[in-house]
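The structure under discussion is supplied below as structure tokens; questions concerning it will follow.
Note that the chains are named A, B, C, D and E in the order they appear, and that numbering of residues resets to 1 at the start of each chain.
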Amino acid sequence: MERSARVAEILSWYGADSPGTLTNLARLLEHGRLGGTGKLLILPVDQGFEHGPARSFAPNPPAYDPRYHFELAIEAGCNAYAAPLGFLEAGARKFAGRIPLILKLNDHDTLADEDDPDQALTGSVADALRLGCSAIGFTIYPGSIHRNAMYGQIREIAEEAKAVGLAVVIWSYARGSSLSKEGETAIDVIGYAAQIAAQLGAHIIKVKLPSDHIEQDAARKVYEKTGIPIGTAAERVKHIVQCAFDGRRIVIFSGGGAAEDAPFLEEIKAIQAGGGFGSIIGRNAFQRSKADALKLLGQVSDIYSGKAQ
Amino acid sequence: MERSARVAEILSWYGADSPGTLTNLARLLEHGRLGGTGKLLILPVDQGFEHGPARSFAPNPPAYDPRYHFELAIEAGCNAYAAPLGFLEAGARKFAGRIPLILKLNDHDTLADEDDPDQALTGSVADALRLGCSAIGFTIYPGSIHRNAMYGQIREIAEEAKAVGLAVVIWSYARGSSLSKEGETAIDVIGYAAQIAAQLGAHIIKVKLPSDHIEQDAARKVYEKTGIPIGTAAERVKHIVQCAFDGRRIVIFSGGGAAEDAPFLEEIKAIQAGGGFGSIIGRNAFQRSKADALKLLGQVSDIYSGKAQ
Amino acid sequence: MERSARVAEILSWYGADSPGTLTNLARLLEHGRLGGTGKLLILPVDQGFEHGPARSFAPNPPAYDPRYHFELAIEAGCNAYAAPLGFLEAGARKFAGRIPLILKLNDHDTLADEDDPDQALTGSVADALRLGCSAIGFTIYPGSIHRNAMYGQIREIAEEAKAVGLAVVIWSYARGSSLSKEGETAIDVIGYAAQIAAQLGAHIIKVKLPSDHIEQDAARKVYEKTGIPIGTAAERVKHIVQCAFDGRRIVIFSGGGAAEDAPFLEEIKAIQAGGGFGSIIGRNAFQRSKADALKLLGQVSDIYSGKAQ
Amino acid sequence: MERSARVAEILSWYGADSPGTLTNLARLLEHGRLGGTGKLLILPVDQGFEHGPARSFAPNPPAYDPRYHFELAIEAGCNAYAAPLGFLEAGARKFAGRIPLILKLNDHDTLADEDDPDQALTGSVADALRLGCSAIGFTIYPGSIHRNAMYGQIREIAEEAKAVGLAVVIWSYARGSSLSKEGETAIDVIGYAAQIAAQLGAHIIKVKLPSDHIEQDAARKVYEKTGIPIGTAAERVKHIVQCAFDGRRIVIFSGGGAAEDAPFLEEIKAIQAGGGFGSIIGRNAFQRSKADALKLLGQVSDIYSGKAQ
Amino acid sequence: MERSARVAEILSWYGADSPGTLTNLARLLEHGRLGGTGKLLILPVDQGFEHGPARSFAPNPPAYDPRYHFELAIEAGCNAYAAPLGFLEAGARKFAGRIPLILKLNDHDTLADEDDPDQALTGSVADALRLGCSAIGFTIYPGSIHRNAMYGQIREIAEEAKAVGLAVVIWSYARGSSLSKEGETAIDVIGYAAQIAAQLGAHIIKVKLPSDHIEQDAARKVYEKTGIPIGTAAERVKHIVQCAFDGRRIVIFSGGGAAEDAPFLEEIKAIQAGGGFGSIIGRNAFQRSKADALKLLGQVSDIYSGKAQ
């Protein structure tokens, strides 16, 4: 496709990266319904690992089949599909080249109680090349007592991925015994999580939509003193984007907590209004019938492409 | 893009390859004006190394600039652009993701007299990943006393390339002191060269258009006894395709020796009629003005896509 | 299948090998119509590389297709199918697990004149594992000035293959400027070639059927003085088997020079009578229609299994 | 530039280092407004990681943009700019060769409660070379229960860095459950921290400005018995410099706790009077407008260059 | 120093390189009297190896001392000093950081007769880092029967050098039994040699000043047909620059054959007029007294900086 001015601008932010990594970033940015707009809509399906299969797929049983998610992502015109090793291995040959793939290299289950979560390494850069992926994905838990080891892991993996021309997507989720439950989505904490992912060298950063809660006292003083606007969701998105190198790193947001479509689409509009780079939507996509999912993802795409508001 | 039945069929031939390599083969097959047809039109520019810059580029001076060839390949809607390290390094950042790239890993100059040619290694699989390439290219000279060493090199390089999901393109040119000049394009020799490249594990094989000359006595007996039709160019193309695993490997042809456009286009029609998979056209593309080149390549594309005959 | 006493005995000869290599030897010995008899019938198809595709496949055009040979070997109940990289890659997925595979790791073409032949490396132990092979195959040319380099190659490759549990098959063909044409099949030379392969650590040795010619003067004196019986083909086979560790290595024979079926089958009977371990039959198998090939290979199997004489 | 006598003297202290490392030390010592004086003024910006983006950059919002800090360091005539991977990657191409860079290889966040801090590895020596850095930076926490692991890390990293000609800067901050809060800046502890960094092979040591508090009883006895002068800030700086190999290692000081410019500049004068080698000034530089920052850093430079007192 | 528009433009041509390599290219381009102009004046001293010490240094005995050449290059304001391992090791500590260094990684002596010259590897990328070099230098001999091995060596070395942020300078000298003596400086051959170096991935290319001789018949036809102007030295320089990616690679010229200063300076003016990027001047620099050398190099610098014409 023609290179849009916006995609060219975004690629110019990654001057330390090789042409190989830029090529894969371009593949992500130029695929699907949002291709060329600078916006991203990604289907992630790691919930089978995170929450178990029945919690994840029983609401829409075709989703037990790994092929379902490739098809959903392709039919919805997503920019990419992200999943753990097993799900990608189960479809990578059949759907080779149909949609950019992101291999999640670490995963987390919920079979053991824990105050400070950690993730297990479940894939490698070599796996990503073998499966034809454009990027690797990695989750960090800022706030967990295991965070430093996780940062060290992604440092090493990201160096390896960049050397072979892959892009790096970091899921940055603040969690751990030092944070309150509402602190996990506090505006200061989400901004901090985005900054850490950016400093670790992520090309694409995925965070949750922040609330207007402020978790850390030291941060509260600054937010109040400098009067950072955080009253609306759009204002908060704008602040998070600022926290990730003043908008010079791609920041996308998870689907959020909304259970109903209307408030969910309001969140998308807020991300768009705040200058966010898009969404990564899992459960709101695959836990309903494909027809319903395609409808919802179509509405999301229309918002990000400017066709709807 | 939608996966066409023909591309799906072609990909099914490469069952020993990883999804990563299939992904890159699909990128080659689905890009450009011929995308999805199963046909390939590739722009190769290694003549600066092979014949020197003035002989290569003086007929069309803008072609001295490495950016020119990226632009020509993109504007002509080629499936890919193939070149040595220096030319790709000089444009890979600017044109990242705009067209599939093939890094030629060995090259040959003509500054020294030689009866049995050899090539120098001039790039690596790591370079190909760093530059965002979809495939590596390698020339072998069946007939040269150096051939066994060259086969050993591509064996090792192809193994490395396949392990990281790249496709392998082999230029198979019979040359050497044991062959007559006309033997280099003899039907038996070209068929043999195609077979060797296929047995070495090439995904895409590039040979010259064969004449009806038969070089080897042992072969002549078989051709005559079994009555292989080689009277027309289309029949010869059909036989070469048969020689490459009965049509189950992609075989493309160089531009041929025709200096005029009309006979050149007749050759393209013969390739199409004989079931060839397309062309790799260098000098006939970049040694004329860009406008003329786009016109000619457009005519070639029309033939391969069935729009013209 | 039940382990036959003969197979158990044969496996007992390979006490230095790992259980992994024994497992693969057992796969070869226990597959197909001759499974369990201690005899082997192997289909090799490297003639496309050795003689070019038309000379190899034009007599039976379906043989251009790599799938044909898998099917032929399976339908004929061969113990194994041996071929270069390209042919195995083109069918290994479709026929995975259907028949033991032997990857030829070096190959030779006949496009260049040469007095002392050499082979090119065209595959690796890693390729063999990736393709699910039970053994690797390697040709040496005792008598060629390149022989020492070839011995060094197979030493290194065999070490690697054994370390990962593969079996090693050596094609030992005496050739080179120091030997006369009839010397290539002289009884002393073939016996010598079998000994060298055995000393190099081959599990299975493939030689040509010897004539009663004696090539080397020093050998002649001994053959005459000690009165080694070499008058009949069966006697010569018996001597060759003796030359390969007194029958404690598997020695199989190529199809020979017979153009007609009757003398060809006489050769098979001689191999059987002399205690040979079987045959590796290429051109006499794939250069005729499949029906004819199945008939002939069936006759061969009947001889080796004792059903016919 | 001409080599000043002072720089030549300083370089003579590092006799075990390669010319490559001396070259990079010279680059640090000879760049910027203080180039050649033997004094250093370094801009470090790791606070985004250490304190989060809003606390760090909201007081001066242009500082969210990674380009801002390159520009500030260049315009202020600093000797070097130090930052984590993400910040350097975001500007290293645009500002290549404009100012010596120091890649912080470990970093620490404040999202989790902890009594004994540790840092995460966030960069590598290979990253430093790839980004064109002159030095690597590393923080140790003498006093933390994690200190021995940190010493082991920097030992290994420093060995690697020196082998490729990079300089090594150690941030030596005493912290941990065994130290009181005021003990972190106690004169005996800071001196001890400087000694440890020097013994670990640092070329440049960064410590905090010490108070006249003495933390450890065993130390207090010696300080009192030998009458080490620690009454004034300059005396304390002089002692710290003595603690780092009697002035034969470069020791620089952090900006200190002063909130107002006047007392801050008094600290600079004390460092200068005590023979300190300069300052590393982060928050006092980038948490004000660039104009104000340039003014303050100019005043600092004037003190160190002897133009002001 | 401030980044000049010309240096920024030149750096933009190297989009496939890391910021580290750009940093070292910038060091070469921004050092010395020509710093920032985009022109280069480099002192190379490998003649001790190439021609023996007496032939090289007896005309100016202080030049036997390795320190002499560092001093000469520094005092003359050269952009860089290039030499083999021994000469750099003998001064790298003393002059650390005083001038960018280029380690010649291969060298050639003239103690053995040969029709086709080759070079010995005499240094490594690790040596270059250890000695604080900004670039590595490597000579190739297009036209020699050893050329392919040399191309393979620099391919591997250049990949390694680029990975650690060094720049690559290729001396491309056509020589060998296939070329006439005057063919070594023929316009077609020099242009070809420049192209090969560029395709091999050189950042800086060093060739000899070409004559108007045309060596190869195939080239002569093109030069005459397309009317490439090669009548004056400036026209020839312009053509050579064109042959190196249409001016998008740095091409510098050796001192030429002129024995007298006046014609030598005329050559410099021709290089300047033709758009060449500067000179690498060895014997004309160190085979005269330092005073005379500084005078001559000053005149050269004045021409390249536009102060003289």
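Everything that follows uses one rule, which is that a residue touches a chain if its C-beta (ideal position, glycine included) is under 8 Å from a C-beta of that chain, and two chains touch if they have at least 3 such contacts.
It should be emphasised that the depicted structure is a prediction, and the values quoted were computed from it without experimental measurement.
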Chain hops separating chain E from chain C, counting only touching neighbours: 2
Where chain A and chain E overlap in contact partners, by chain label: B, D
Relative to chain B, chain with the most remote C-alpha centre: D
Which of B-C and D-E has more C-beta contact pairs: B-C
Chain at maximum distance from chain A, centres defined as averaged CA atoms: C
Chain B and chain C, separation of their C-alpha mean positions in angstrom: 36
Chain D-chain E separation of Cα centroids, rounded to whole Å: 40
Centre-to-centre distance between chain D and chain B (centres being mean Cα positions), rounded to whole Å: 57
Interface hub residues of chain A, defined as touching at least two other chains: 15-16, 18-19
Set of all touching chain pairs, with the criterion as stated earlier: A-B, A-D, A-E, B-C, B-E, D-E
Parts of chain C lying in touch with chain B, wherever the complex brings them together: 48-49, 51-55, 58-59, 61-62, 64-67, 84-94, 107, 109-114, 118-124, 126-127, 130-131
Touch list for chain B against partner chain C, complex: 13-17, 116, 142-145, 147-152, 155-156, 159, 174, 176-179, 188-189, 191-196, 198-202, 216, 218-219, 222-223, 226, 228, 239, 242-243, 245-246, 248-249
Complex contacts: residues of chain D adjacent to chain E: 3, 11, 18-27, 30, 92-93, 96-98, 126, 129-133, 163-165
Interface residues, chain A side, partner chain E - complex: 15-16, 18-19
